[in-house]
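In order of appearance the chains are A, B, C, D, E and F, and numbering begins at 1 in each one.
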Amino acid sequence: MKKKKLYIKHLLLLLILGLLSGNLYAQDSTAAAANAANDAALTALSESLQNNLNIVWTCVAAFLVFFMQAGFAMVESGFTRAKNTVNIIMKNLMDFSIGSIAFFLVGFALMFGTTNGFFGTDSFAMAGSDVAGKDWDWTFLIFQTVFAGTAATIVSGAMAERTKFNAYLTYSVFICAFIYPVFGSWAWGSLFKGSGWLENLGFVDFAGSTVVHSVGGWLALAGAIILGPRIGKYDPEGNPKAIPGHNITIAALGVFILWFGWFGFNPGSTTFGDGDIGRIAVTTNLAAAAGAVLAMFTSWLMFKKPDASMALNGALAGLVAITAGCANVSPIGSLVIGAGAGMLVVISVTVLDSVFKIDDPVGAVSVHGVCGAFGTLMVGLLDVNSGLFYGGGLQLLGIQAIGVASGFVWAFGLGLILFVIIRKTVGLRVTEEEELRGLDIGEHGMEGYNGFQIFTTQ
Amino acid sequence: MKLVIAYIRPESLPAVKQALFEREIFKISVTNALGCGQQKGYHETYRGADIEVTLLKKVRLEIAVNEDFVQPTIEAIIDGAKSGKIGDGKIFIQSLEECIRIRTGEKGKLAIG
Amino acid sequence: MKKKKLYIKHLLLLLILGLLSGNLYAQDSTAAAANAANDAALTALSESLQNNLNIVWTCVAAFLVFFMQAGFAMVESGFTRAKNTVNIIMKNLMDFSIGSIAFFLVGFALMFGTTNGFFGTDSFAMAGSDVAGKDWDWTFLIFQTVFAGTAATIVSGAMAERTKFNAYLTYSVFICAFIYPVFGSWAWGSLFKGSGWLENLGFVDFAGSTVVHSVGGWLALAGAIILGPRIGKYDPEGNPKAIPGHNITIAALGVFILWFGWFGFNPGSTTFGDGDIGRIAVTTNLAAAAGAVLAMFTSWLMFKKPDASMALNGALAGLVAITAGCANVSPIGSLVIGAGAGMLVVISVTVLDSVFKIDDPVGAVSVHGVCGAFGTLMVGLLDVNSGLFYGGGLQLLGIQAIGVASGFVWAFGLGLILFVIIRKTVGLRVTEEEELRGLDIGEHGMEGYNGFQIFTTQ
Amino acid sequence: MKKKKLYIKHLLLLLILGLLSGNLYAQDSTAAAANAANDAALTALSESLQNNLNIVWTCVAAFLVFFMQAGFAMVESGFTRAKNTVNIIMKNLMDFSIGSIAFFLVGFALMFGTTNGFFGTDSFAMAGSDVAGKDWDWTFLIFQTVFAGTAATIVSGAMAERTKFNAYLTYSVFICAFIYPVFGSWAWGSLFKGSGWLENLGFVDFAGSTVVHSVGGWLALAGAIILGPRIGKYDPEGNPKAIPGHNITIAALGVFILWFGWFGFNPGSTTFGDGDIGRIAVTTNLAAAAGAVLAMFTSWLMFKKPDASMALNGALAGLVAITAGCANVSPIGSLVIGAGAGMLVVISVTVLDSVFKIDDPVGAVSVHGVCGAFGTLMVGLLDVNSGLFYGGGLQLLGIQAIGVASGFVWAFGLGLILFVIIRKTVGLRVTEEEELRGLDIGEHGMEGYNGFQIFTTQ
Amino acid sequence: MKLVIAYIRPESLPAVKQALFEREIFKISVTNALGCGQQKGYHETYRGADIEVTLLKKVRLEIAVNEDFVQPTIEAIIDGAKSGKIGDGKIFIQSLEECIRIRTGEKGKLAIG
Amino acid sequence: MKLVIAYIRPESLPAVKQALFEREIFKISVTNALGCGQQKGYHETYRGADIEVTLLKKVRLEIAVNEDFVQPTIEAIIDGAKSGKIGDGKIFIQSLEECIRIRTGEKGKLAIG
């Protein structure tokens, strides 16, 4: 631990000022100059303190976003079967671990390095940042790392219960080192040394409905399509069968953790400690609440009973959707976005399941892909400055649509290619026998719930 | 000696136990089971997809008794488990050739109680 | 995300100062005036920076308090039976979601709007606050929302395993929109635009032992009484039977999460970032620790074995009890309060169960109602400035008693009325058949632990 | 709650300055003096604001570290059997609760009071700190309390599934009141009023790889040795048998919580809010990630399958190892340390298990003891200022070795003595019958998973 | 009347149920079981130590049938459960003396179906 | 052929398995059960209220054997499970009419082992 030291940096500033002014004050005519020096000292002090506050805030927000990893792990574990629990846990642990390293070494540079127009080209392994200093760079890196980790982890849920472990590891490297960073550089590159065509257009995605969630969601979609559904998911006539998750308590805990972490995700994206963060926390919370409520009522209408898994998904849908506009829409706007996402997610899950026959065990595509796109578009309507409903015309909506579309093309397209290549090389899916017995024994040689008697007939 | 096996609704176990005790049948063994009988399953929905639960949760009783206790045992089970609705369950009776108390090595009628 | 911008606000202040002073310094006689301007700039800077720090701190605290929702959900789920898990989870998710919206639209205004003497009358849906600005208002709103959510969620535990889901939703609206805010306006209204008779008396309830916890606890008591006990809770002679919870690990996790969240609840109630928060964290922690230890030993004495569920309740009892006086008692005082609450909660649980035959599955009435009242009264004895033991006489104790009593009358009285009305209209209790089979299937058509073999005989 | 008050403290400072300067400015020759006063005001303001920021940051960090208790409880519960769950939960709850009180009353004084050369001798129960004030002392106390709690809780995992509950309570008092604080005073005493020989030597243990983790780990080693292995752990020929944990999901959740909490543990140990915390967060995260990845691959190589429990332990191993040097090594250095710890922990677990026949159900000795020592030594190589690989020579490495060795001698030695005394007095181990049936029923008269059918044959 | 007990692989339960239904045997009871037979267990490792899983997870079926249904029941089970690999399971047949439907009190052949 | 059913304490399963193996009885099936017998239940308390655990956790063994193995099986079970204390359990023996190995279709004595 470090001792409470004597604010050396600030003192230094004051000292310089003291020297300057002591000098200048000798002459009456230099009073104004002295004053200017005084002002400069004040400005420097203010910047230095506010900078420290920003660092504290951004770090705390980053830690909250990190904690979302636990949320994803719990949601995905809870919504799948007991026999695949160890596997889904390992995938969640490993995508973040491998992803952190890959993003540090390569991804960050592609995303935030000086751009060649398409992606960044320097700052690999943070070359250029002082490894013993107090630069903002490190705070920025940890914040961006946990964002990359979020994008990476979305996919595991949609591909759960049938994907080979080493295939998943391979995927994890690519998303954090390449797919996510390149798209990210288009929308957020200028936050550091880079610059991107999407942000230059005026694309608004404050905390990443598209950049993080939709990209993850569309990759998940590609994965689920290439993999095909789990055995038993569709009967011979193609009707979907429910394969219920094994632990709703843990899934609910996961959702609460994600909601908690989102208070780092959205307000934290200010990377600046001032009154905006309270307002963003309000819009974030209201959207989540509206999402949960509307998803519940929608499921009640559609299936006669209020479905817990849908209500939980609804909260996440609201959160994903508000992420783009959390700083730009009003609280009432956030209720609208959240409510829309809550309804949309139930419909989307059902349509993907019954119409498109895409088997997404945890609803990742609907929550992150569909609601992420929805939320990004809604900014075009509800931005309090330039949204359509606020008299801003169609321009922003158009730009948002371009952003959404480019996210889909990039992530879904690359996803298809990547997963096909993996299938051809390391192989993508476990054997039928392993799938029936569970990936826990097949891939990891252990069980998740040793000693518990589990109906082994499902 | 007979071995009485019964499948009943989980909810009725306490009543059956009570009814058996009143007839001084104190020894029973219980396991969980899934049953498929006349009682139609129920439908759960999960995320909008249907689950047809055709295997219903039941409790299986196994009671070894001497001949003179067979009738009381049957009565007690019916007493405790009969609601008149489909799904009340079944009783099966088999002959039992031998019974041994592990602790003492006692055999037959003596060992049962 | 927002770029690291150039502290525009602070610069502006400095600019104004610069103009002023540049002007004035021309004349020697204006030196003093210049200096005053200089001081004003310093003050403005200090306020502005401290204000930002307060916002960061209060937001972080609010997030921690939000996370307590997860804690409540886990505690209540863990302490009830597996067959009712989905239901209790849904109730926890929905009371916060619906409550957040109700509090935003109506509750906040009743609690903190300009008062008519009885409750607030403006600021509905935060009318008057800048939907695109950096006002303190939003930070204050998110902080107060999570407090309202805490009061709301307490009730679900006491009414667990037998309450109809739609009845519970109805209740949730009323507590967050009306019951909690009105009482809150009496004690805390002046934190914003309001003003209340209790605070004007000098009532001390720093973070809400009474305002939040007792109010929730007495509502829970009303609910448990109107509902009646669970089937099988009392034998024909009226002796209580234990109905053990299904997951002590999850319940314990819930308690740890609540303890963690309480570090937002109590220290956060300063809404000001300075040395008080460290001291409040100390009193909060010591009270929780003492509560856990004493509850364990009390249960050991009374039941021959150290009961885990009691020890867990004891930690919560200590936390609830210290909430009123956390900023006003000494660390030793907090040990006394925590220890008292730890003993009290065990006795209270036992007495409610055996003597009053009130079936409260998770001990919510004892933890929140009884220990909340206890803690509020203890401030009258242990306040380091005006408590009886510190020579302050009986006055504060009297005021605290008035606060406690008015909380009881308001919450318990309204609770009885509300639950009777709900019983007469939507209906309060599920059918006997549904209760035996479990509310998860009855209310939600799904199970909490699919695949797990559960002894279905309980 | 406290109203947003008018920064009285800062105003006061400014007032004094105003008076001074108003006075002085009358005379031209006093301009320089006025300026100096001005500078002093700026310095005071800066210190005061930065101090408040430090308090907020340190408190938030302390709360995160507190939350690690939940992580430990979940890891230890998940990695042991269902029949001992209540017991392990209670041990985790109680070691922190009792420990908090013991550390407040005695431990803090021994660790941070004015030293007699061997340990501190004043500040018992924080005598001397203002019980109603805003002193830094309280923030420091809460931060140090949660550190002591961490050291205490490590032991329970290694002694799980066979230790008597009252024996464990006895142990908890001693570690928090004596064993940990005395060693702590040697390395960290000067952070408050004390001073220690190890820190005076130049020993680097920024956040406690040795002070907290190794000390806990070596105590755990002593406990596991004195207790002997669980029944069934070794077959008659002495070959180790696996006794799998009952809930990998919960264990994984615990690891994520610990990782999350570690962002308070390491960056928080600055107790200062500036750019260092971002950098430390980066090294901490990279080491954890590398630990998880390397442990997984090592287990894959050694046991043919990627073992989840090893990967989870690997993340913790990386975290423990980086704790000493998190502020002093580069990000690349942290990858090296994490990777090393990840490999080491797998080997260490296997060797302890198969060669030394020491039964440590959760791997606490390997994670905390072995990897803590490893990480401390690595600072001698990788410190960017004075490490061997950075041209600093062997000196630092030597000092680090002295620190590691003294930690081992103190903790392991005292641990052996303590556990032997406990065995002779209250008794250390439960009866064979109780161990077979489970400590939950034996020690607490209840079960962890009521209603769940558990294969009762293990 | 006979009582047919069968131990089969968990995975084959759906197929066995299907095969039974096709032969109009609608009533069965199912429990989880651990079995030890010719099928060698598998090895799990946990933290580097070996677990020899010698008790394998099986599903136990209990089906009470009238004499003329014994053969179809056996056929159906074999149909659904036979993979030709070790571990397919066993069928045991016992005589059943009595069967009672709790709901109606019906006995014997009538009660079985 | 006989069907041997035994209820034993969970803790004694490893010893019983061992004893059976020594007598070359390799095939057994195990289920969890709750039993009510001479052994009095124990009391748990939960939040100060009493729980009378009258159904104790037991393990149920089912072993099909040829006649000449009946005696060894009984001996083995007693060997492994007898502690002399109440609660050691019971052994029940029934006749078994037929036994079929699903994999091969083998029947009777051949199929049992």
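Observations on the model:
Here is the rule we use: a residue touches a chain if its C-beta (ideal position, glycine included) is under 8 Å from a C-beta of that chain, and two chains touch if they have at least 3 such contacts.
These figures come from a predicted structure and were not determined experimentally.
Counted as hops between touching chains, the shortest connection from subunit C to subunit E is 2. Repeated interface, listed pairs D-E, D-F or B-C, reference A-B: D-E, with more than half of the contact pairs matching by residue number.
The greater number of contacting C-beta pairs, out of the two interfaces A-B and D-F, is seen for A-B. Centroids built from CA atoms put subunit E at 49 Å from subunit A.
Per-chain CA centroids place subunit C at a distance of 53 Å from subunit F.
Work out the mean CA point of subunit B and of subunit E, and you get 18 Å between them. Listed for subunit D are residues 28, 31, 38, 42, 45, 49, 53, 56, 60, 136, 244-245, 247, 253, 303-305, 307, 309, 445-447, 449, 452-455, 457, each touching two or more other chains. Within subunit B, the positions touching two or more other chains are listed as 30-32, 34, 44-46, 55, 94-95.
Contacting chain pairs in the structure are A-B, A-C, A-D, A-E, B-C, B-E, B-F, C-D, C-F, D-E, D-F, E-F. Residues of subunit B that touch subunit F in their complex: 3, 17, 26-32, 62, 64, 94-103, 105, 111.
Subunit E makes touch with subunit F in their complex at residues 2, 5-8, 31-38, 55, 58, 60, 74, 77-78, 81-95. Residues of subunit C touching subunit F in their complex: 240-245, 299, 302-305, 307, 309-310, 346, 349-350, 353-354, 363, 455, 457. Residues 1-7, 10-11, 14, 17-18, 21-22, 25-26, 28, 31, 34, 38, 41-42, 45, 48-49, 51-53, 55-56, 58-60, 62-63, 66-67, 69-70, 73-74, 77-78, 85-86, 89-90, 92-94, 96-98, 100-101, 104, 125-126, 131-142, 145, 165, 247, 250, 253, 443-453 of subunit A touch subunit D in their complex.
Interface of subunit E with subunit A (complex): residues 10-11, 13-14, 30, 32, 42-46, 57-59.
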